[in-house]
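Each of the next two complexes has chain A plus one other chain: chain B in the first, chain C in the second.
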Partner chain A sequence: MKSNAFDRLRKLLSRDSERGLMKSAAIVFVSLVVFVLVWWALSSIFPSEYFPSPYKVGVALVDSFQNPDPNTGVTMWQHMSKSLVRFLWGFALAFVIALPLGLLMGFSNIVENFGRPIVEVFRPIPPMAWAPFFFVIVGVYWGPVMPVLLGVFFPVLSNVVFGVKSVDPLLLDVAKTQGADRLTLFKKVILPSAIPYLMTGIRIGLGIGWMCIVAAEMIVAFGGGVGLYISVMSQVGKWDYMFAGMVVIAALGILTVEISGYIERRVSKWMGMK
Partner chain B sequence: MDGNEIVLSIKDLHKSFRKDDGGLVAIEDFNLDIMDGEFVCVLGPSGCGKTTLLRIIAGLEEPTSGKILLKNKEIAGPGSDRGMVFQEFGLFPWRSVRKNIEFGLEIRKIPKEERRTISDRYIDLVGLKGFETSHPNELSGGMKQRVGIARALANDPAILLMDEPFGALDAQTRNLMQKELLRIWSEMKKTVVFITHSVDEAVFVADRVVVMSARPGKIKSIFDVEWERPRDRSGVEFASLRKKILAELEIETVFNR
Partner chain C sequence: MFLVVAIVVIGIAAAGCLGPSEKTEKVVYWVTIAPKDQKVAIQRGDVDGGVSWEPYVSDSLLGGTGRVLEWSGDVWPNHPCCVVAADKSFAQSHPNLVMRVLKAHIEANRWIADAWAHPGSANYTLLLEIGAKFSNRNDSVVAAAMGHMTLDYRMNEQFSAGLKMFADTYITLGQIDQSKLSARGYSSVNDFVANYVDGSYLASADSVLPSDVIVGDVRLAYLTGDLHQFARVVAENRTVGGGQTLFEKFGVRTIDPLPGGYPNGGGIMTAFAGKAADMGYLGSPPAILFHLNSGVNTIIVAQANSEGSAIIVNPSIQNYEDLEGKAVATPGPSSIQHLLFLKVAEDHGFTVKLKPS
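Coming up: the complex of A and B.
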């Protein structure tokens, strides 16, 4: 018996029993406390305005949410919502293009042979290298969306192609003997088989996409954005506020990955592979 | 159901595979008529082309020459008029037991209530009541193959094709499943073509045992087994027939060394 993606997914999800979950949650908590303590210690040993203590960053963080900062004129809420909207647009566009393209490339050799060289030419170019071009083409507000799109696009595409190609040939034979035509094979066998791979692509894409949005906003972002905030704060020398921006990015990044993990679990449960 | 009508007719079947070092003849001069309601076992050493034969009947592979008639109609490609049971079960992991069984019915666009009636009937027949909503990963090997059998039968095929269906099961489950299959077979009165490499299994279940030779795969001999079922594996008759068939197979293996 070969182990397929479903088995791996299942193992991954069933590993945590309730007690195990409690235990790992406790360890996560301890790890975070240790991290903050080390940070505190280092910032006291090497006092510097460039390296604020966690307390100062915490104060700046709270302040950034409560009061609009004088340099950008808006609160952190607004920066966050701008970044999130751009991120979601980039993600949605990438998904809408990459999923059907990946399914087609996995299903048809002609499409794959045609698409593969083009994809391979574009893949090694870091999404950020496109940023200046996109700022000119789509403007400074939508510009940062495009690097996100590219960052999400490739992992989703490759995982979907791989998922379609990894479909168990036995299941295709079964479906044929049950009277399935090509379209039915696609809908009822290939598509569901590819879903766990798609979810993996999404999870990887979310991580990359999140880095892209912040980096692109640091170059330029009209109307706010957490990346913009960080860049502006460093330019005006408000280092504690800059670090506060980084904390927000980390928190939002963790949140998106957690949400995708939750969806991944829900999907696999719904598909009966919990 | 008088048993005189030919359901499946295999005529002058040849199959060769193209290989880099010339062709490999998998099946040669294969002629066989299978009667309505008959239980036929095809037995042979590994690599004798018995699985290829079944795949051709199923329409998953094309013969090089010759033809196969199902109820006097030549088969072309796979279809739900032949139900196939696979050694490795081939259940859809994302579908429940019921949805696996209803797969072919869905494809044929049978309305939901009717699908449910049919799947209920076959779930009952194979003894899986209470497991309707279970998924394959929650089932044992024997239960998985019960689903496989129910799924193949749900389309009400003219013939049931079984490719070493119990080959992936442990010996005890295997014996149990043979009995279960005979019970289902006597209730359904289906024609069965059953591939196996186990002489014991063939003698236990079949009306007729077709012994194949390897490379090229041909019919070597055919044994009729006319005893009442359930058969006694430890009986003298059983042992002597098994010995005779084993001898046939051994000559076969020696020749091919």
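Coming up: the complex of A and C.
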């Protein structure tokens, strides 16, 4: 056991691997430096009041975490926590609905023929178009959650359906000749095959979900939210603080994508894909 | 890596649940909800009150969904509310067009005053029809709203004093940093108001005569469904102007930068910043906030209305004491309605906090 772990560690630290990691880290570093330099250059070209420099945004960012903003009376920590809770609710609900529905639509032609027209009607509608409606129908707590649900729902659903339909027919034939019934076929062949597609759908949905939460919180946000913060700062003309809110959203987006990446790796490993 | 990320996520989510004890405080909560949505939020019980402008106050009153706790005019008699602002460089390069727009604004105000003074007349009926169509409310709501606000283009000492009070309050609250005054070239709040309010265009506007030709185009921004800006709506009506709008009558063709109007004054000030609007009708607070905070180069050239906002509450709330622990919706921190809420909360000993959940 110890020997295996040692071997893995040695492999990880092998020269090639180390060189690859260093190269990746260097590229990421250069990319970030270029990004900040371009931002700095643009902020000196455009009016700095509306396009604050990275330094100004950094100062605003630190201040937003240290002190309650005078408009909403709470710190960025609370705004982040509220947004995160809404986001997680929306994501969880979308996942719980989209996964089984996608599997069913991919597996059964009847369900697909029934569901696809409805899905295709609703899919092109931007989730934010529903925001005022949701606010009235489901209230101020679930109102901002619902656009996130929609934003995550369709990418997950589409990818799961596609994943199920992309199962190698050879695998299905082999399973059938081995006597697998429909349930076994579903559990042992189709579901595992759909997982990578599901993970892709989740990654896409996470990005869309954050876009939706920000816009939804601009309509109503009990307890605050980063979307509300960005909206308020834009309404009072504090652009450096507005950009600080945008940086926070970017960080939260990266955070959640990292989590999904971790889960994807664990699932892949568990299923013997990697 | 995952452990670190998980700890961060849980920590952030938990942060919102932790806070100091509120046992000894007399707290009233607020949340941002657009005036058009406040009525349904009160009906649903999501909030216990709202601070709104017309026609939404009258809509709730006539609908029986709320009662007025206090009118803004009772808190700040004759306080300024909406104004007409202009891009300063546009005003300097096109003073003639600014005066022509203001002439139409003046004429619209006079027409409204005359129509309102003659109930039962054709113009009175037309006035209510125009208001109802613009605000998507019925004639009764528009008539009630007319009785709750004062439409006036003039800018007097009281107007300037009101703007000073707003600017002082924003500085006290920290919404405007004191240093911004000097950064914009003002020595004090008095100096700011004296320079930001430019009455010269209005003073010259009354002598503008009707024009047979269109002298120029003006991109004129306004707020969606806001009856405080009724004069603009009337000035755009072709029946009032005898086949042409009042703006056209005085030689101006107005262009709508955002058909349907802007949702808030911040949007209009952003349009000014992006050179998408030449003139606009908006609340005086966002005009002050954006000019001082971001240096948006505007001036105030006329008043649109005074008073006309109210704190409207669930009928079960009888007085301010009943608001303890309750939530009140405002259009947002850049609005005059939010300032009104902060003012009355302070007057009645409340600590104001964002509604937690």
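Methods note: the second predicted complex is superposed on the first by the 250 of 274 C-alpha atoms of A that agree within 3 Å, B and C clash if a C-alpha of one lies under 4 Å from a C-alpha of the other, contacts with A are read in each partner's own complex, and residues count from 1 in each chain.
To be clear about the criterion, a contact is a pair of C-beta atoms (placed from the backbone, for glycine too) under 8 Å apart; a residue touches a chain by one contact, two chains touch by 3 or more.
For clarity, every value in this text was computed on a predicted model and none was experimentally measured.
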item: Which of chain B and chain C A:M271 touches, first, second, both or neither; value: first
item: First, second, both or neither for A:N71, with chain B first and chain C second; value: second
item: Contacts of A:L170 with chain B and chain C, given as first, second, both or neither; value: first
item: Which superposed partner A:P192 touches (first chain B, second chain C, both, neither); value: first
item: Which of chain B and chain C A:K82 touches, first, second, both or neither; value: second
item: First, second, both or neither for A:Q235, with chain B first and chain C second; value: second
item: Partner chain in contact with A:Q178 - chain B first, chain C second, else both or neither; value: first
item: Residue contacts with chain A in the superposition, chain B compared against chain C; value: C
item: Touched partner set for A:P117, first chain B, second chain C, both or neither; value: neither
item: Residues of chain A that touch chain B when the two form their complex; value: 1, 6, 10, 168, 170-171, 173-180, 184, 188-189, 192, 195, 271-273
item: Chain A - residues contacting chain C, complex; value: 47, 49-50, 70-74, 77-78, 80-82, 84-85, 88, 132, 135-136, 139-141, 219-224, 228, 231-232, 234-239, 255, 258-259, 262
item: Contact footprint of chain A on chain C as seen in their complex; value: 1-2, 5-6, 8-9, 12-17, 31-34, 37, 40-41, 44, 46-47, 173-175, 264-266, 269-270, 273, 286, 289-296, 332-334, 352-357
item: Residue ranges of chain B in contact with chain A within the complex; value: 58-60, 78-80, 82-84, 86, 88, 90, 92-96, 103-104, 106-108, 135-137, 151-152, 155, 161
